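Right after this note come the structures.
Same chain, two partners: subunit A is paired with subunit B first, then with subunit C.
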Partner chain A sequence: MAEWLSKLQTIDRRWIYLSIWIACALPFVVNIKLPVYVSPETRRLYDFIEQCPPDKVVMVDSAWDAGSQGENWGQVEVVFEHLFRKRIPFIVTAVEVTPLGPQFADKVIEKLVREKFPDRKYGVDWVNLGYTKGGWQAMQQIAKDIRQQYRKDSRGYSLDDAEKLPLMQRVRNIEDIYLIYSVTYSPLEDWIPFVHGMYGTPIAFGCAGIQSTTYYRYLLSRQLVGMLVGVRGAAEYDALLHPDLRDRNSMGTKLIVPQAFGHLVIIVAVVLGNVGYFAARRRRS
Partner chain B sequence: MTKRRFIALVTFLAGLYYFLEFVVPPTVPWRTLRGEVVSVSDTTLTLLVDGAERQVTLLPNLIAYRERPNGAPERVEIQQLRPGDRASVGPSTYLSDYITSVNNFFIVLGSMAWGMGLISLAMVHSGNIRRRRPEWYGSVLFFIAVAGGMVAGLGYGRESGWLKEANDVVFNYLLRPMSSTVFSLLAFHMATASYRAFRIKSGEAALMMASAFVVMLGQIPIGMWLTHGLPSFLQLPVMAQWVLYIANSAAVRGMWFGMMVGAIAVGLRFWLSLERGAFFDREL
Partner chain C sequence: MEGAEVWQIWLAAIVTLGIYSYLISDNKLYRLLLNVMIGLGVGYNFIIMWKQVLAPLWWEPMTRGFAAVFNGFAPGSAGALWVLVGLLGTLWYFQFSRKYLWLSRIVIGMTLGAGAGVVFKQQLLMNIPQITDSFRPFIARADGTPLVGGSAAPLSLWMSLNNIIFVGTIVCVMVYFFFSFEHKWAPVRHTARLGRWLLMISFGAFFGNTVMTRMAVFLERLQFLLRDWLHVGGF
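Here is the complex of A and B:
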């Protein structure tokens, strides 16, 4: 028996690859939706956006691309949906991390407008300012005067063009921005000292699950008003937007299922590996 | 030697500017008035300071900061001030006047890194093709990909036309699936790596595995389903939250405190060009 068990620590890695593949692919074949526990960091972001005054806008630093779309797509999708639903105008940009960010945000917005909010208009309900380089210097300039950093939006319209971009006519600097929501694999912490620290503007992050551990300390100190953690955060936010499980169809809700099965495979693999390890140790002794 | 000294001088001056801009107030402190705006004319500004009205003659070097509701200062032209605003007015110390230009300079400098990266890649790959090095055809593909990507990039934001089609093909049907595929390989590698490496060989390893299981199960709906009948403090999502908020934050804060102290030391060495090793020792 011990000899058989000890073999569990040398399972061919291809079996593990296959298990992960089946665990991740199965939910795409069988339609499964799982209820989620809503964590405090997700609820805080949701509640904060709920309280947005009518004269303010939200800035979304959507600096992610295909590499992390599994986690970040759902995080921007649910927040955009919330903003559209509440009629809160928003500005999309991508600071420093990847120039593809605004293009991905466009894809998410196009999908939402096509499927759920056909009456929302570019320039009125949202504006995409495109990518900017510059890290904390760019953040400082956005805060001081947004036109110092962006002369045109991603479609080439001047920010002073009142006909095409009426939304931008009431946005001058950080004072007009209610919240900065930075979504990327690992959001730039520079938002905290250079914008929140200097101007008091609330900041929220959407990040990959594996990166989230370094940001929890900012939630405790209230330097972040909220955070969406990986696929889980997106699924939780969707649960707040749609209390009825049957109404949820965001990317987060879809991807939490393969993630759940994937986690289970990893846990089972680690347990089996350790059973094999202890069996081998007993045999030797 | 001259080049090295020149680089050291420029590095020092750039760092000095940001350091001074941070520590020196934007207006001369002993000549700055802070109070409520009473009136503004073309030649004078009247402020209510400690209950008494004070008139300020508008000189060219005078700058004003309006206090935002949250107390943060906003640089404004004096004529933009309105009665009732809280403001501070004084002669400029000039350093902050140039912050936008200096910031722009560094943003442009940072952007040049993209171009330099492209030039460097082009030099390496053109060398591969010229010398017919092994797998030189990969280098040809590099040039085709760069040219195709640049042309397709021109289609971003267009409503129709062949450039938009090209953008869709490169962006939606090449870049997205390829990047996602490469990144998703991590899931397979992480699974096998944890299977092979995660062994309970000590008490610390057992503790780490227990917390890993709690956090992993707490992150997924199955964790809630498994423990929903237990008292709330024993439910896996609640326990996972405790691990992340309390135990994890304490450890991360400690680590980051140490790292930041180290970063200050490294920053000082860079600023003063005291860094040694790599190319810092080399004659340029």
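Here is the complex of A and C:
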């Protein structure tokens, strides 16, 4: 028996890959819904956006691309939906990390406008300023005078063009921004000292699950107002937006059930590997 | 992928499967696709960098400045000074010359000096709130304030326990990282051992999150292959 169990340590990894494929594909083929429990860091971001005053805008640093869209797509999708629903104007940009960020944000916004908010207008409800470089210098420039960092938006309109970009006519510097929500695989921590630390502007992150352990400390010290962690954070936020399970159709909600199934396979594989390890040890002794 | 042409979906599906073919074994298709992706990324980044960063923030103000200079020092001539920034940036490339390497050291020195100053400020603004937050009352109210001199919130056993664990973890882990003396004294030895265990628990949380992220990357592609390419499911 111990000899047979010890073989569990040497299962060909390709069988594990195949098991994960099957387990993850199943919820895409068969409609399975699981409940989602909202964590405090997600609820804090939701509540904070709920309290946005009418004269302020939200800035979304959407610096992610295909490599992390599994997590980041859902994280911007739910927040954009919330902002559209509350008619809170927002500015999209991507600072430093990837020049593809603004394009991916456009895809998410186009989908939302087409499916849920056909009356929202570019230039009035949102503006995409495109990519910018400079890290902390860019952040400080945005805080002091946004026009010193961006002369035109991603479509080539001047920020002073009141006809095309009426929204930008009331955005001059950090005082007009209610919240900076940075979504990327690993958000730049420089937002915390150079914007929150110096100007007091609230910051929130949407990050890959792998990075979240680094950022939790900022939640405890209130340097972050909230955080969406991986697919889980996106699904939780969707649950706050849509209390009825049948109304949820964001990327986060779509991926959370297959993810649970995939995790189950990983847990089983870890348990089997450990059983094999202890069986082999007993055999040796 | 909504609205995408059929050929785009097929191309994306073939590339995705080509990359995943590495799971079976390393192969030429995988390497080819990897190199194509790197090339595309570099090319795209270069164009975006020029169009959205260098052109509007450096080239256009500089050329307008020179136009004003040639127009008899009209207003806006100061923009021509941006040429100095370009010259300074060019000094980096003297890294490739043994003879003129010293020129690149000018700009390296400037970058290091500015960087050191900024990091000092960054660390203060980032870590001072962390240090102050680590001083927590062991008997706390529901909102985290202390029993004496706190808010009107009720006493919370949960918050108090949370704070005790938080401060206890900090102390244990810091003791573990005291390497300047041998951990012979029993209280120090046990505290350090507990610190090591707590670190192992946090590494476990790191690993769990790593699995979650890798899984999410895979699931997004799986969804694309099943729903957009093969039209299976659709939930």
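Criterion: the second predicted complex is superposed on the first by the 285 of 285 C-alpha atoms of A that agree within 3 Å, B and C clash if a C-alpha of one lies under 4 Å from a C-alpha of the other, contacts with A are read in each partner's own complex, and residues count from 1 in each chain.
Here is the rule we use: contacts are C-beta pairs under 8 Å (C-beta built on N, C-alpha and C of every residue); 3 or more make two chains touch, one makes a residue touch a chain.
In this text, all values refer to a predicted model and were calculated from it rather than measured experimentally.
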Three-chain arrangement built on subunit A, subunit B and subunit C clash or fit: clash
First, second, both or neither for A:Leu220, with subunit B first and subunit C second: both
Partner chain in contact with A:Lys144 - subunit B first, subunit C second, else both or neither: first
Touching partner for A:Met1 - first (subunit B), second (subunit C), both, neither: neither
Which superposed partner A:Pro40 touches (first subunit B, second subunit C, both, neither): first
Which of subunit B and subunit C A:Lys133 touches, first, second, both or neither: both
Subunit B versus subunit C as contact partner of A:Gln259, first or second or both or neither: both
Partner chain(s) touched by A:Pro193 [first = subunit B, second = subunit C, both, neither]: second
Contacts of A:Ala25 with subunit B and subunit C, given as first, second, both or neither: second
From 99-107, 171-179 or 225-233, the subunit C stretch with C-alpha clashes against subunit B: 99-107
Common ground on subunit A, meaning residues reached by subunit C in one complex and by subunit B in the other: 17, 20-21, 24, 67-70, 100, 132-134, 154, 198, 209, 212-213, 217, 220, 229-230, 232, 259, 262-263, 266
Touching residues (chain side subunit A, partner subunit B) in the complex: 11, 13, 16-17, 19-21, 24, 34-37, 39-40, 65-70, 100, 103, 132-135, 137-138, 140-141, 144, 148, 154-156, 173, 175, 198-200, 209, 212-214, 216-217, 219-220, 229-230, 232, 256, 259-260, 262-267, 269-270, 272-274, 277-278
Touching residues (chain side subunit C, partner subunit A) in the complex: 2, 23-24, 44-45, 48-49, 52-53, 56-57, 60, 118, 121-126, 129-130, 132-133, 166, 202, 205-206, 209-223, 226-227, 232-233, 235
Partner subunit C, residues of subunit A touching it in the complex: 14, 17, 20-21, 24-25, 27-31, 67-71, 73, 99-100, 111, 114, 130-134, 136, 149-152, 154, 189-190, 192-194, 197-198, 208-213, 217, 220-223, 229-232, 251, 254-255, 258-259, 262-263, 266
Subunit B residues within the subunit A interface of the complex: 68, 70-72, 74-75, 99-100, 103-104, 106-107, 110-111, 114, 156-157, 171, 175-180, 182-184, 187-188, 190-192, 194-196, 198-200, 209, 213, 216-217, 219-225, 235, 237, 241, 244-245, 248-249, 252-253, 256
